[in-house]
Amino acid sequence: AASMKTALDAVAADFQTATGHTVTISYAGSNALAKQIIEGAPADIFISAAVNWMDEVEKAGLVADGSRTDLLGNTLVLIAHGKGAAPVAIAPGFDLAGLLGDNKLAMALVDSVPAGQYGKAALESLGVWPAVEPLVAQSDNVRAALALVSTGEAPLGIVYASDAAADDNVTVVGTFPADSHPAIVYPAALLTGAADAADRAFFEALSSDAADARFAAEGFAILN
Amino acid sequence: MTLSVQLAHRFPGFTLDVEFAAPEGVTVLFGHSGSGKTTVANAVAGLLRPDRGRIVLGGDVLLDTEQGTDLPVHRRRIGYVFQDARLFPHLTVRQNLTYGRWFAPSGAPGAEMGRITDLLGIGPLLTRRPAGLSGGERQRVALGRAILSNPRLLLMDEPLAALDDARKAEILPYLERLRDEVRLPILYVSHSMAEVARLATTVVLMEAGRVTATGPAAEILADPAMAPALGLREAGAIVTATVAAHEEDGLTRLESAAGTLFLPRVAAPPGTALRLRILAQDVMLATARPEAISALNILAATVEDIRIGDGPGALVRLRAGGEPLLARVTRRSAHALDLRPGRAVFAVLKAVSVAQESVGGR
Amino acid sequence: MTLSVQLAHRFPGFTLDVEFAAPEGVTVLFGHSGSGKTTVANAVAGLLRPDRGRIVLGGDVLLDTEQGTDLPVHRRRIGYVFQDARLFPHLTVRQNLTYGRWFAPSGAPGAEMGRITDLLGIGPLLTRRPAGLSGGERQRVALGRAILSNPRLLLMDEPLAALDDARKAEILPYLERLRDEVRLPILYVSHSMAEVARLATTVVLMEAGRVTATGPAAEILADPAMAPALGLREAGAIVTATVAAHEEDGLTRLESAAGTLFLPRVAAPPGTALRLRILAQDVMLATARPEAISALNILAATVEDIRIGDGPGALVRLRAGGEPLLARVTRRSAHALDLRPGRAVFAVLKAVSVAQESVGGR
Amino acid sequence: MTDWLSPDEWRAVALSLRVSAWAVAASLPFGLLVAYALARWNFWGKQVLNGLVHLPLILPPVVTGYLLLLTFGRRGWLGQALEEWFGIVLAFRWTGAALAAAVMAFPLMVRAMRLAIEAVDPRLEQAAGTLGASRLWVFVTVTLPLILPGIIAGVILAFAKAMGEFGATITFVSNIPGQTQTLPSAIYSFLQVPGGETQAARLAGVAIAIAMAALLVSEWVSRAVARRIAGS
Amino acid sequence: MTDWLSPDEWRAVALSLRVSAWAVAASLPFGLLVAYALARWNFWGKQVLNGLVHLPLILPPVVTGYLLLLTFGRRGWLGQALEEWFGIVLAFRWTGAALAAAVMAFPLMVRAMRLAIEAVDPRLEQAAGTLGASRLWVFVTVTLPLILPGIIAGVILAFAKAMGEFGATITFVSNIPGQTQTLPSAIYSFLQVPGGETQAARLAGVAIAIAMAALLVSEWVSRAVARRIAGS
């Protein structure tokens, strides 16, 4: 997934200094990557931002037995434009629609992009979805949704905590309870094409403490 | 309405530097291919901005490079018949013809559509588009389009070159009428001496970008010194005559200072003054009045001058009752007849030699 | 090499249906604007596929719609001088001229570049591009391009219409030489009777898409019945004569069955047989031998026929020592001289009247 | 008929048509002006204009969308101005989608028209001038009819591009069903979920059908114009 | 010089140039052929070809990329055939990126060339025919030089499009640094991470500079050609 670039690049760089092996990483949408792998992409390791695309790859029989692991997690937050925005208490039935007024709530595509799907599930479980639905502006990815809030186009948005952390123009005004949506999981797996020890070594390195520190620094939750 | 033109322009390899005035009537620009005629026409129309120049039409300054005046093309109101017809391919012939109408100031007299299409024989083409027209048809439509745009000056760049003689003979009288009735000044580029003689009020002779001679047509054409430039066959004099009577056998009797002349029926009522162009090569000389000969016109004249060139010919300038005449004879005949200035001779001229084309209204 | 043409084609509003044979030499297509001349030329070149037709050039079938033969344009090897010059705008004049060379079969004789550019006066233009050329310059380059492509047949659609008389007079002898020396058959579209008379071996007269007369030039031009179609001024007879001597005063003496003729220097060595075109209107008739007159050529002849038209004129067919002659006189003179078949007369003809243009090699 | 596309999908189709039509129609005069200026005039900054016109082609659509957001968004300087002075809001509206489509299609439209204008024989325009037509009239009565095939080509290219535009649109105006969800956005959504390919293909089929119909009409008009000029 | 772009970024620049240049060069003959066929020939299925050519414009790039993946991927029927018979592998190579760029740019290239071909005066081609040039030679010696401005326009449009192509490329050949990571992919990657905007802007600047340079050169060549034809 493209949003892991900063952390993963650092992990790869560490790995390279340690072992001398070069790691080549292709960042693209999970769906594109999954399809490419199914169509025979010469990939050794797949890290997906969503469970369903890893399922697809697994269904195609391309995941090396037993290697699938839930590598990272993330939290879903409500952000507002500007610094020092007042916190919002996220609870069942909270008046999100009222906060928005005429304005839009920026999210990723609610039916297809993971962050959007999680967001929609959270709002549904909190019972505010029907009121908010007409106000949702869906972007093709989380970063674009973040940009809408960051520029002030939309006053509020729902993004991952890892994305919200770095942007100075937005404030995290609330965090969605972990139980309000399915667990946010970034599965990783060795692919059947991965043969050599180096592949395995890097796959191991993804779960090392050093890597964990890198991921944590970017706002990800460490699941493994 | 006089047009005065003064231009200087350089193309790589060609320099134009001309100055002439075109008084009312038809001014013919005559010169070899590549002598700069179209360039002058383009400058007058405003399609070429010369390096330096001043063009004035009837008091309006169209161009003055020194003062920075340059009237845009569409405000000059100059009807231009281009050497290449330049019809609008997306419009029908009728739309091409009426194109200028949209922009002409209303109330101006203007030629009638019907009359022009009849004259030019393009009536059956009105609904066609230019792409399928023949070369001559195109040129006729272009001619009609320019005339119908109601211009203040007509510029014609070899408008009749693509036409057959019969069609030319039909159109020339019309151009004469434009010249005389509508009093439309016309700047006319031509290679054809017959057209020059027929139409020209003024002749501007060009050579390699310069004007080598300019003046009233009668003078230029009758000047033996001009014969080489005009082409020897085309040398001739212009005689002014008045229609006296139309006789029943189809001949017209004309009276001139040179004497009585009989010509095939001239389409002008008695009393009309005409200009007749009598080519030097159509005139025979005799020292005694010829008898029993088919030539009807025998004029008594006096030799004024003989100009003997390189070739076998001699150009003899005569005066018959005050009118100038030119005759082209062989050196051998000049010698045999003992022609010299002051000699009394008879100029023999066939009635049919003065063709309709050389009879112009005045 | 004979070209035989048989074509039928319909445009909306115009139907072409012609059949003629063009033997060696120059075949002139003559007809009013819009009579279908260019259409015929296009079909011969292969640019127009007629509804029905058969075109054969020296045994090769170029087109036969019945058998489904249709030789593609580039395999016909027909040099075409278009009515609109159609120069390639992206090539220089030199490249335009040599364009056909690339494709011409090597080893064919072919005209020389230098000679052609000199003749056409386009030497100084070689490095230019067509866009800046004058109308006449364009046409000359187009002419050169077609000739230099080394064709089996030259098609010329009014190639000289945009040229001045002087330039025409230079090019015509060259075309004659092409016709006679290279034995290149030429199909020549023209409005100009002077060109027809000068060049034509065969004349094809067209009117509204049909051939109204066809035959050897001498016959068609001397046929009084053709006079209306050709234009009255252009009626004339063709006399065959042999160059006898070039005399020192610049005249050339020629002998013909009709008698001795003196003409201004003819550029042909003694012994050469020539065709002289003597226009009806240049011939005067006298019943007694005129004396003391500048005309050098006085031929004894007998009246064969008089044709009196609607106008004031009469066309008199004569025979002088077996050669036909035509004279155009007024009805009045015909009456006064009591002209009738069988009458002995003298045909009077000025030496200068037979212009260079009307003297063609044979 | 109605049941093989969901109401939302129908709305996406209708919206795509509206957005594309407006994008093309509104940018046509500007496109023509810019094409004419680039083809015929010499002015200071001509190459800058030329570059600007091509920019949306060079940049990834996301970047163009982002720049549009910064310029025409509610907080963007032009967006604010437009809203204050004319009451025009582009952000999150179909008008914004039309703007994005127009901007992305602009280089294609301008190039086609410019090529056509450059091919017009200036001698015909001169002839019109001598007949009294001012520059504007010459353009309307001679240049315009002669470049019609080029205009049609430009319009159809722009329309096709507008129908397919996705990246800049979703970045600028997001994806709000019924308001800014165009066909490509809908197709994209389907491609993001496993097994959505068939549905995406169905929508792509609709897009193709519409564009093909437009293409056929344009070809037919172009040919009619050309045939007229070539002489019945 | 070298230090304000990272080695990966330099590689992306070089790759983008290579991909675009190849995409344009390799599709040029096909583009010319298709443009000529569409402009001049009448054949069965002409409108189908015309539609196919426009397809990449109409479809969202992701769809085009996906179709390419299905066709030219390792498992795709054409991809397998190419690999077996010619040893050509497109999937996840820069050659695939070039293919994607070429396909996306194809409609622009074809349209420009087609417009130019339609504007050529057939009477000049006829004249060349009478001088002995076969159809092919007429094309090479007359048509081709006369449509040069159109070819240049097509090439520059295609090049610009190829430089900016992203959606189809990343879907088809992914985003592998040094192999398939073009400038737009690199820009996209930066836009996906917090704080990557400045770096993205820097890369966009590089893309713009390259495209502008190409544009200026093309304008200059075009004008030289036009000036030559208009007479010294």
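All chains are identified by letter, namely A, B, C, D and E, in their written order; residue positions are counted from 1 within each chain.
We take it that a contact is a pair of C-beta atoms (placed from the backbone, for glycine too) under 8 Å apart; a residue touches a chain by one contact, two chains touch by 3 or more.
As the structure is a computational prediction, the values presented were derived from the model and not from experiment.
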| item | value |
| --- | --- |
| Chain-contact steps, minimal, separating chain B from chain A | 2 |
| From chain E, the most remote chain by mean C-alpha position | B |
| Of all other chains, the one whose Cα centre sits farthest from chain D | C |
| Contact pairs, highest-scoring chain pair | B-C |
| Approximate Å spacing (C-alpha centroids) for the pair chain C, chain E | 57 |
| Whole-Å gap between the CA centroids of chain A and chain D | 35 |
| Intercentroid distance (Cα basis), chain C paired with chain B, Å | 26 |
| Where chain A touches two or more other chains, by residue | none |
| Residues of chain C whose C-beta touches two or more other chains | 84, 128, 132 |
| Sequence positions of chain D contacting 2 or more other chains | 62, 66, 167, 188, 191, 232 |
| Every chain pair meeting the contact rule | A-D, A-E, B-C, B-D, C-E, D-E |
| Chain C residues touching chain B - in the complex, by the definition given at the top | 11, 13, 31-34, 37-38, 83-84, 121, 124, 128, 132, 134-137, 140, 157-158, 161-167, 191-193, 231, 233-234, 249-251, 262, 264-265, 281-282, 284-288, 290-296, 311-313, 327-335, 337, 348, 350-353, 355 |
| Residues on chain A engaged by chain E in the complex (per definition of touch) | 2-3, 5-6, 24-28, 32-33, 35-36, 39-42, 141, 143, 162-163, 165-167, 218 |
| Footprint of chain E on chain D - complex, ascending | 47, 50-51, 54-63, 66, 107-108, 111-112, 114-116, 118-119, 149-150, 153, 157, 160-161, 163-164, 166-167, 184, 187-188, 191, 197, 200, 204, 207-208, 211-212, 215-216, 219, 226 |
| Interface residues, chain C side, partner chain E - complex | 45-47, 72-74, 76-80, 82, 84, 86, 88-91, 99-100, 102-104, 128-132, 145-146, 149, 155 |
| Chain A to chain D touching residues, read off their complex | 29, 31, 34, 52-53, 55-56, 104, 106, 109, 111-113, 136-140, 144, 147-148, 151-153 |
